[in-house]
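The two complexes that follow have chain A in common; it is paired with chain B in the first and with chain C in the second.
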Partner chain A sequence: MAFKLIGENFIPPDLHGKVTGKAKYAEDFRVEGMVFCKMLGSPMPNARVVRIDASEALAMEGVVGILTADDVPEMPSPQQPILTNRPTYVGEPILAIAAVDETTAADALDRIRLELEPLPFVIDPLDSLKPSGPNARDDGNVANMGIPLQELKWGSTDFSELADGRLPMDGQPVLDWTYGDIERGFADAAIVYDETFVTASNAHHSMEPRSTLSYWENGKCFVYGSTQSQTFIMPMLAGYLGIDVADIVYISEYCGGGFGSKGVAYPSMAVPAHMSKKIGRPVMLRITRAEEYFIGSNRGGFQGRIKIGFGKGGKVSAVDLYVVQSCGPNGGFPDFDSAGHAVSLCYQPAAMRYRAVPVLTNTPPGGAQRGPGQNQIAMVMEPLLDRAARDLGVDRLAIRRLNSPKNDSLFGGEQHGVTSAYQDEGLGKGAERFGWADKLRRSGERNGSKVIGIGVGQAYHEAGAAGFDGLVRIAPDGRLHIHTGIGNLGTYSYAATSRVVAEVLQCDWERCVIERGDSRKHLPWNFGQFGSNTSFTMSRSNHAAAVDARNKLLEIAADMLGGSPEDFELGDETVFAKAEPRRNVSFAAAARRAVELGGRYDGHELPEDLNPITRASAVALAGTGLVGVAKDNYPISATPVALAAGFIMIELDLETGVYEILEYNGAIDCGTVIHPLSLANQVKGGAVMGIGLGGLERLVYDPQNGLPANVGLYQSKPPSYLDVPSHMGWDAVGIADPQNPVGVRGMGEPVMGCAASALICAISDALGGHYFNRTPITCEMIVNAASGRPQPHRPLQVFTF
Partner chain B sequence: MLKDMMTRFELYRPTALADAYELIDQFGAGAWLMAGGQDSLDWFKDRAKQPRAVIELSQIEGMTGVRETADGVEIGALTTLAEIEENALVRERYGLLVSAASHVASPQIRNVGTIGGNLCQDTRCWYYRAGLSCYRAGGNICYADSPEGMNREHCLFGASRCVAVSPSDTAPALVALDASMVVSSRKGERVVRAERFFVGPDVDIQRMTALQPGEILTAIRIPSAFSSANFYFEKVAERKTWDFALVSVAAALRIESGTIRDARIVCGGVECRPRRMRDAEDAIRGREQNAETAGAAARRSAGGARPLRYNEYKIPLVENLVTRAVRDA
Partner chain C sequence: MKDPVQYVPGGPAEPGATGSPLLTGARASRRAFIKGVIASGAVAGSAGFLFGCSQNAGVPMGGVERLVSLNVNGRVRRVDVLPWETLAMTLRYKLSLTGTKLACDRGECGACTVLVDGVPHYSCSTLTHSVGSRSVLTIEGLEGPDGRLHPIQQAFIDELGPQCGFCTPGQIMSTVALLQKNPRPTRDEARRALSGNLCRCGAYDHYLNSVMRAAEVV
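Showing the complex of A and B:
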C-alpha cells in the first residue's frame, strides 16, 4: 500500500509552542481569585496521625483553608489515598493548606502541630515475607493490579539460602504458570545457570512536576492537569472527585514528561478540586521537584532467581524464574507479570515456569515506568545469554537470533500468539549498521587502563490494544477535524496517528485540524497514552472513523451526482467519479449536504457500540458537519509486540570504573514506520533513559530509618548530556503488521530496555565477561570487580547505592 | 518534610566589607553570608537553614578578579568558577586550578558559583543534608557511621564521630598549590594556609573551614612555588557533569630532568578536608618520574584508610588516581 503521509516526516502542531515557550502547561494557567495550596508530607515511613492542631496555621494572615483526609473521599485499601491519616511512606501527603501565596502556605505548614505515632516499617520485601516480618500496611503485605490485598508469609521457606546469596524458590507465590516440560528442559541442557539477582527501583524525573489547577464553575469541575493521557484519565479522576465524568472539564494540552507516572489519574490531582470546593476559590497546587520523588511513583525493583538451561547450540531449553517485586505501599504496577511474559516471548524457552510475588513496602508508591518489568528483566537475561554464548563458544549475536521470536511464536503461561514478530531481522539490520563482526574483534582491546567492551541487548513490550473509538468531522468549510483523546505525552504520536485519517480521506495535511487537549473539544474515548500502544491502537480507531467518513462521503456523492458509492473515489478534498473525475463534490459541499441529510451523516444517529464519552462528544458535534465515528472493531487475534535491539561500544577505564559510550545503534521492529523523525527520537531518547537504568539510577533508602537518600535530580543521577553519545544511529525493520490497517505497531518502551541491557553487557564484556547480578552497574561496582574486591551489598539487599 | 520552598528572609547586598561586618553584628546567628548561592539556596529551599538575614556579598568591591602579585596571584573570593577557567594568567601558571574548576558541577553552576563558595560549601552527606540532627548538626549521632548506614560516599580517613567528606573540587587543587586564604573580619585580616583552612571534625565538627563567625573569606593567594609545574587533576564521579567527586586527586610536581624535586598530592572525597598524601609525596621526592615511582606512591597513599561498609572501593580509586597523578603529571 502506497502512502502519501504515512512514513513521511512532518512538524507536529504542538512543536512551535514548545520551542517558543508559548505552550501552556498546567502550572502556567492563572484564573481570577486563585490561591495556592501546599501539602504536608509524612516524615515517617509508616505512622498513624494521632492529632492535627492547625489552629495556629489557620490564624495566620493570608491562610484561607485546610484540607485533611476527613474532607476527601476515602479510597479503598490498598489504593493511594488522596490525603491520609495513616501515612505509609515518607512524603505521603497528610493535609494541604491553601493561602494567598505559596510562601504563606508553606509557613503555615510549619505551624501545623502534627502528632504521629511511628509504626514498624518495611523496606526489603523479603523481610515482609518472613513469618514474623513487618507489613507495610495494617491490612496486608501483598497486592497489585489484579492481586487482592492479602497477608502472605513464607512459612516453611528455607530463608537460610539467603545467607548463601540465593533467593529461596519454595516460597508461596501469587502468580504461578508453567508450560512445557521443565525437568526435561534442564536435563537436555548442555549448560545450566542458577543466579540470584537484584534490579533497582528508580524514579521518573518528569521534567514537568505534576501540578494541577482546579476550580468549580456552573456545576462543572475544571481541572488543568499534567497527564500523558486525555480521556482515559477522566473516569478515574471522576472517582477521586466523587462526581460524574460528564461534570469534569479536563485540560491537558501539554505534558512535560511522564514516562508512565502520569498515564492515569493520580491522587494529588484531586487535592486542588476538593480544596476549591471547600473554600470557594480556584486553587493551584504546584508540585515541587522534591515532591516528585515522593508522590511521582517509581519503577518496582526485583529480587529474583533464575535457573536457565541452554542446549549446546545455544537454544534456551528451560527457564525457572522467581521474582519478588517491591511495590511501595499501594500495590503499584504489575512489573512482575510483564517480566515473565517478556522472558517467554524474547527467548522462546522450550519450557518455562514462572512464579512471582508483589510485596508492599514503605517506600514511595510503585508505578509504571517505561517498560515496567520487561526492561528490568532484560537486564537480567541479556548478560546470561552472553555468558552462555561464551561458555558454549557461540557468537553473542547468533545466540540472540537463534532464540528470537518469529511470526508463529507463542509466549506466556497461556501461550499467546503475536500479530507479527521480526526480531531476527531487527538484530540483523542493527548488527549490519553497527558493524557487529568488526566491532566484536575490538572487544577487550586495551589502551592503557582502558578497555573496549561491546554489547548487544534486547527488550520487548506489548505494542497496542483495540476496541477504542475514532471521531472525525468534515466541517462545512471543507476542513477535516480529527478529534483525538489519546493525550500528548510528548512523543508526537497523537499527531502521527491522526495522519491516518488524512491518509484515508486523501486530505491535505495542512488543512487538517487536530482537536485535542481539552475535553470541551469533544474528544472520543481513547486508551491512555502508555504501554507503547498509541501507534497501533490509535491508528486503528482513527482508521475506523476515517473509513466511516469515507463511506458517508461516497454515499453523499452518489446521492448528489447519481450512481453508486463504488463509482466514486476521494482525492484533493473532493469526491469524484472514477470514470469522470470532473464530476465531483467538494468535501465542503458534501459536509453541508451531510447536515441537510442529518441522521447518521451528521452525528444525529450514532453506532450503538460507542463508549458514553465518545457518544457525548459526537452528540455535541451533531449537525456541525459530516461526522465519521466508529469503534475499532477490526479483528485482532494475537498480541502486537514491539521488539528492540541495541548495539553499543564502550571504552571502560578499569582504574576508575568510568566509561565512555563510543557508539550506540538501535534497531526496532515496530511494523510500518509512520513518522521516521519521532521514531528516531524515541530510539535515541529511550537509549538515554536506558543508559540511566543500566548504569546510574536507583532509589536508595536507609533501612534503619526508612529515609530516602536521593531526593533530587543531582542525587538521583539521570544521565547528563555528557554521559550519552552525542550521535546515535537507528534503524527499523519496517515490515507491516497484518493486524493494523497501516501496518504499524507501538515501540516506546523496549528502546529503553535494549540500551540498558546492551550497556551492562558491554560493561561485562570489558571486564572479560564478569557477571554482575545487580543493576544498575555503578562505577564503584566496576572498581570493586576490576580490583578483585567483593561487592559490599548483602545478597539480595535492595535500595542500596 | 517541606522542601523546595524557602522561608522569608531579608536580603542585604552590602557594597563594602565594613557594611557586611555591621550586618553580621546586627543579625548575629540569624545572619547568613552568601556568595554565588549554589550551596546556600539548597539549604534554604530545604528549610534546613532559616536565616533571618541573607548578606549577599557580590556587590562588595574588590572581591572579584585575578590579580598578579609579587609572589604569584591573588584571586578574589567572589570570582566565578567560569572566570577562573577562562583567566589567561591562571591558565598559564596554574592549570591545576583551571582543571579543577572546570570539573565543578555544570557550566550553568560555574557561571554563578564562586571560588570562595566552592571552598566554603558544606558537606554533601545526605543524612546531614536531610536536616537530621546528627553530630554535625549539633546532635549526638552519626547516621552514616551506623551498622546499616548508607555510606558509600563517606570518608576513609580522619573520621571523628562524623564521617562526612569535603565535596569541593577546587580545594584539593589549592592545597596542592600551597595556596593561602585571606580571611577578613572587623578585627582585621589574617592569612591561613589552605591546608589549615580546611578542618576535620576533630577540630570543629560543625564547620568545615577555619572561618569563625564574623569572618569572610575575601581572597585566595597562590604562591609561585608551583607556578607552571607539572599538574594532574582527575575527578571520579558517576556522571560526567553535575556530580560530586567520589574521589578526586590534584597533584603539583616539580620535575627537573625527569626527576621529581618536589611534590604535593592531595585527594578529595576521602576525608572531611582535602587529604595531603604526604607518605606518597615522601616516597617520590628525588625519584625519576616513571611507572615504578608512581606505583611506590600508590602503595603509600591508602595507608591508614578505615573504610566503612560501603566505601571500600575508594581505596583502589585513591591508589589508582595517585598512580596516574605521579605517572602522568
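Showing the complex of A and C:
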C-alpha cells in the first residue's frame, strides 16, 4: 500500500510551542484570585496520625484553608489515598495548607503540630513474607492489579536456601502458570543454570513535576494537569473528585514526561480541586522535585530466581522462573505478570513454569515505568543467553536469532499468538549496521587499564489495543478537524496517528486541524497513552472514523451529482467522479450538504456502540459539519508486539569501574514506520533511559529507619549527555503488521530494555564473562569484580547503594 | 502501642534529610541553603518557596519587596522583588515569562537556564537581586518581533529535537550561549556545553543534531 503521508516526516503542531516557550504545561497557567497550596508529607515509613493541631498555622495571616483526609473521598484499600491519616511511606501526603502565596503556605506547614504513632515497617519484601515478618499495611502484605489484598506468609522452612544466597522457590506464589513439560526440558538440556537475581526499583523522575491547577466555575471543575493521557484519565479523576465525568473540564495540552507515571489520574491531582471547593478560590499545587520522587512513582524491583536449560545448539529447552516484586504500599503495577510473558515470548522456551508474588513495602508507591517487568527481566535473561553462548560455543547473536519469536509463535501460560513478529530480521539488520562480526573481534581488546566490551540486548512489550473510538469532522470551510483524546506524552504519536485520517481522506495536511488537549474540544473516548499502544490503537480508531467520513462524502457526492457512491473517489479535498474528475464536490460543499441532510451525516444520528464520552462529544459537534465517527471494530485475533534489539560497544576501565559507551545502535520491529524522526527519537531516547536503568539508577533505602537516601536528581542519576554516546544509530524492519490498517505497531518501551540489557552484557563481556545477577551494575560493583573482591551487598539485598 | 512522637516539620527530624542538605530532597534543605546565601538582612523564619502570586499580596512573614529594574529580553521591567526571590520565580510569576521551566528548583537539571549577559545561569539558583543591571535573555526573547523563529529554534524544529519539551527552553538557551562563544563547535564540544541540561526523555542525540544544524546557519 502506497502512502502519501504515512512514513514521511512532518512538523508536529505542538513543536513550535516547545521551542518558543509558549507551550503551556500545568504550572504555566494563571487564574485571577489563585492561591497556592502545599502538602505535608509523612516523615515516617509507617505511622498513624494521632492528632493534627493546625490552630497556629490557620491563625497566620494569609493562610486560607486546610485540607485533611477527612475532607476528601476515601479510596478503598490498598489504593493510594488522596490524603491520609495512615501514612505508609516517607513522603506520603497527610494534609495540605492553602495560602495567598507559597511562602506563607510553606511557613504554615512548619506551624502544624503533628502527632504520629510509629508502626513497624518493611523495606525488603522477603522480610514481609517471613512467618512473623511485618506487613506494610494493617490489612495485608500482598496485592496488585487483579490480585486482591491479602496476607501471605511463607513457612519458615521455605527460607532454608536464603542463607546460601538463593531465593527459595517453594514459597506460595499468587501467580502460577506452566506450559510444556519442564522436567523433560531440563532433562534434555545440555546445560542448566540456576541463578538468583535482584533488579532495583528506580524513580520515574519526569522532568515536569506533577503540578495541578484547579477551580470550580458554574458547577464544573476545571483541572489543568500533567498527564500522558487525555480522555482516559477522566473517569478516574471523576472518582477522585466525587463528581461525574461530564462535570470536569480537563486541560493537559503538554505533559513534561511521564514514562508510565502519568498514564492515569493520580491522587494529588485532586488536592487542589478539593481545596478549591472548600475555600472558594482557584488553587495551584506546585509539586517539588522531592515530592515528585515520593508521589511520582517508581519501577517495581525484583528479587528472583531462574533455572534455565539450553539444548546443545543453544535453544532454550526449559525455564523455571520465580519473581518477588517490591510494590510500595498500594499494590503498584503488575510488572511481575509482564515479566513472565516477556520471557516466554522473547526466548520461546519449549516448556516454562512461572510463579510470582507481589509484596507490599513501605517505600513510595510503585507504578508502571516504561517496559514494566519486561525491561527488568530483559536484564536478567540477556546475560544468561551470553553465558550459554560462551559455554556452548555459539555466537551470542546467533543464540538470540535461534530463540527469537516468529509469526506463528505463542507465549504465556495461555499461549497467546502474535499479530506478527520479525525479531530475527531486526537482529539481522541491527547486526549489519553495527558490524557485529567486526566488533566482536575487538571484544577484550586492551588499552592500558581499559578494555573493550561488546553487547547485544533485546526487549519486548505489547504494542496495541483495540475497541476505542475515532471522531473527525469536516467543517463547512472544508477544513478537516481530527479530534484525538489520546494525550500528548511527547512522542508525537498523537499527530502521527492523526495523519491516518488525512491519508484516508486524501486531505492536504495543511488543511487539517488536530483537536486535542482540552475536554472542551469534544474529544472521543481513547485509550491512555501508555503501554506502547498509541500507534496501533489510535491508527485503528482514526482509520475507522475516517472511513466513516469517506463513505459519507461519497454518498453525498452521489446524491448531489448523480450516480452511486462507488463511482466517486477522493482527492485534493474534493469528491470527484472517477470517470470524469471535473464532476466534483469540494469537501466544503459536501460538509455544508451534510449539515442540510442532518441525521447521521452531521452527527445527529450516531452509532449505537460508541462510548458515552465519544457520544457526548459527537452530540456537541452535531450540525457543525460532516461528522465521521466510529468505534474500532476491526478484527484482532492476537497480541501486537513491539520487539527491539540494541547493539553496544563500551570501553571499561578496570581500575575505576567507569565505562564509556563508544557506540549504540538500535534495531526495532514495529511494523510500518509512520513517522521516522519521532521513532528515531524514541529508539535513542529509550536507549538513554536504558543506560540509566542498567548502570545508574536505583532507589536507596536505609533498612534501619526506612528513610530514602537519593531523593534528588543528582543522587538518582538519570543519564546526562556525558553518560551516553554523542551519536546513536537506529534501524527498523518496517514489515507491515496485518492487523493494523496502516501496518503499524507501537514501540515506546522495549527500546529502553534492549539498551539496558545490551549495556550489562557489554560490561560482562569486558570482564571476560563475569555475571552480576544484579542491576544496576555500578562502578563499585565493576571494580570489585575486576579485582576479585566481594560485593558489599548480600545476594538478595534490596534498595542498596 | 508505642508512644506517639511529636513531629515538627521544620525541626531536625526532616524527612529525607540523610545527607548533605544541598543534596537531599528535603524542603528545609533548600530553605537552609537560601538562608545561607542571603546571610544578612533577611528576617529569619521565612525563606521557603518564596513568592507571592500577586505583587500586592502582602508579605506576612516580614520580608520586604524592593522595586528593581530588570533588563529582560531587551526591555527594562520594573518589578518588586523579595530578598530571597530567585530569578526563575520572578520571571515565571511576576513577569509572566513561563517559558523558563522549573524541574528541580535546586540547580540539578538546567531546565530553568537563562542567559545573564550571555552566560548561562540556572535561574532557580540565581537571586533576582544579584542580577542588577545585567541583561537577562529567556526563551521568549529569541523570536523576532515579526514572529520569525531564531535559527536555533528553527533547527530544534527541523531536527525534531524535543520530546516532551519540558527541558527544551533550557537546552536552547545553553545552545545560544555556546554558539555565541563558539560558533563552530564540534559535536563533542556541544555535548559538553549542554551537559548541564538534563533530559529525562533522553533526546540528547536529536538535541545535538539540532545544535550542529544550528551551527551551520547561525
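Note that in this section the second predicted complex is superposed on the first by the 799 of 801 C-alpha atoms of A that agree within 3 Å, B and C clash if a C-alpha of one lies under 4 Å from a C-alpha of the other, contacts with A are read in each partner's own complex, and residues count from 1 in each chain.
Criterion: contacts are C-beta pairs under 8 Å (C-beta built on N, C-alpha and C of every residue); 3 or more make two chains touch, one makes a residue touch a chain.
All values reported here derive from a predicted model rather than from experimental measurement.
> Look at A:T778 in the shared chain and tell me whether it touches chain B only, chain C only, both, or neither; answer first, second, both or neither.
Touch partner of A:T778: chain B, not chain C.
> Quick one: classify A:V90 as touching chain B (first), chain C (second), both or neither.
Touch partners of A:V90: chain B and chain C.
> According to the stated criteria, A:A23 is in contact with first (chain B), second (chain C), both, or neither; which is it?
The second partner, chain C, only.
> Return first, second, both or neither, reflecting whether A:Y714 touches chain B, chain C, both chains, or no partner chain.
Both chain B and chain C are touched by A:Y714.
> Is A:M689 touching anything from chain B or chain C once the two structures are fitted on A? First, second, both or neither.
The answer is second: A:M689 touches chain C but not chain B.
> After superposition on the shared chain, which partner residues are touched by A:E655: those of chain B (first), chain C (second), both, or neither?
first
> On the A-aligned overlay, A:R789 touches which partner chain: chain B = first, chain C = second, or both, or neither?
first
> Looking at A:N551, would you say it contacts chain B, chain C, both, or neither? Reply first, second, both or neither.
Touch partners of A:N551: none, neither chain B nor chain C.
> Just checking: does A:S678 make contact with chain B only, chain C only, both, or neither of them? Give me first, second, both or neither.
Once the two structures are laid over each other on A, A:S678 reaches chain C alone.
> Which partner, chain B or chain C, touches the larger number of chain A residues?
Counting contacted residues of chain A, the larger count belongs to C.
> Once the complexes are superposed, what residues of chain A are shared between the chain B interface and the chain C interface?
Of chain A, residues 38, 40-43, 90-91, 102-103, 106-107, 109-110, 288-290, 702, 707, 709, 711, 713-715, 719-722 contact chain B in one complex and chain C in the other.
> Note which residues of chain C are touching chain A in the complex, please.
Going through chain C, the ones touching chain A are 1-10, 13-16, 18-19, 23-27, 31, 45-54, 57-58, 60-61, 63, 82, 92, 96-106, 108-109, 111, 138-140, 142-143, 149, 153, 156-157, 159-169, 172, 187-188, 191-192, 194-195, 197-206, 208.
> In their shared complex, at which residues does chain B touch chain A?
Touch residues, chain B against chain A: 1-8, 46-47, 106, 126-127, 130, 132, 143, 146-150, 152-153, 234, 236, 238-243, 246, 309-310, 312-313, 316-317, 320-321, 323-324.
> Which residues of chain A touch chain B once you look at their complex with the stated criterion?
Interface residues on the chain A side: 38, 40-43, 90-91, 102-103, 106-107, 109-110, 288-291, 449, 655-658, 696, 700-705, 707, 709-711, 713-715, 717, 719-723, 778-781, 783-784, 786-787, 789, 792, 800-801.
> Mind listing the chain A positions that touch chain C in their complex?
Within the complex, chain A contacts chain C at residues 9, 11-12, 14-25, 27-28, 30, 34-36, 38, 40-44, 50-51, 60-62, 90-91, 100-104, 106-107, 109-110, 112-119, 205-209, 254-259, 284, 286, 288-290, 293-294, 489-492, 677-678, 680-682, 684-689, 702, 707-709, 711-715, 718-722, 724, 726-728.
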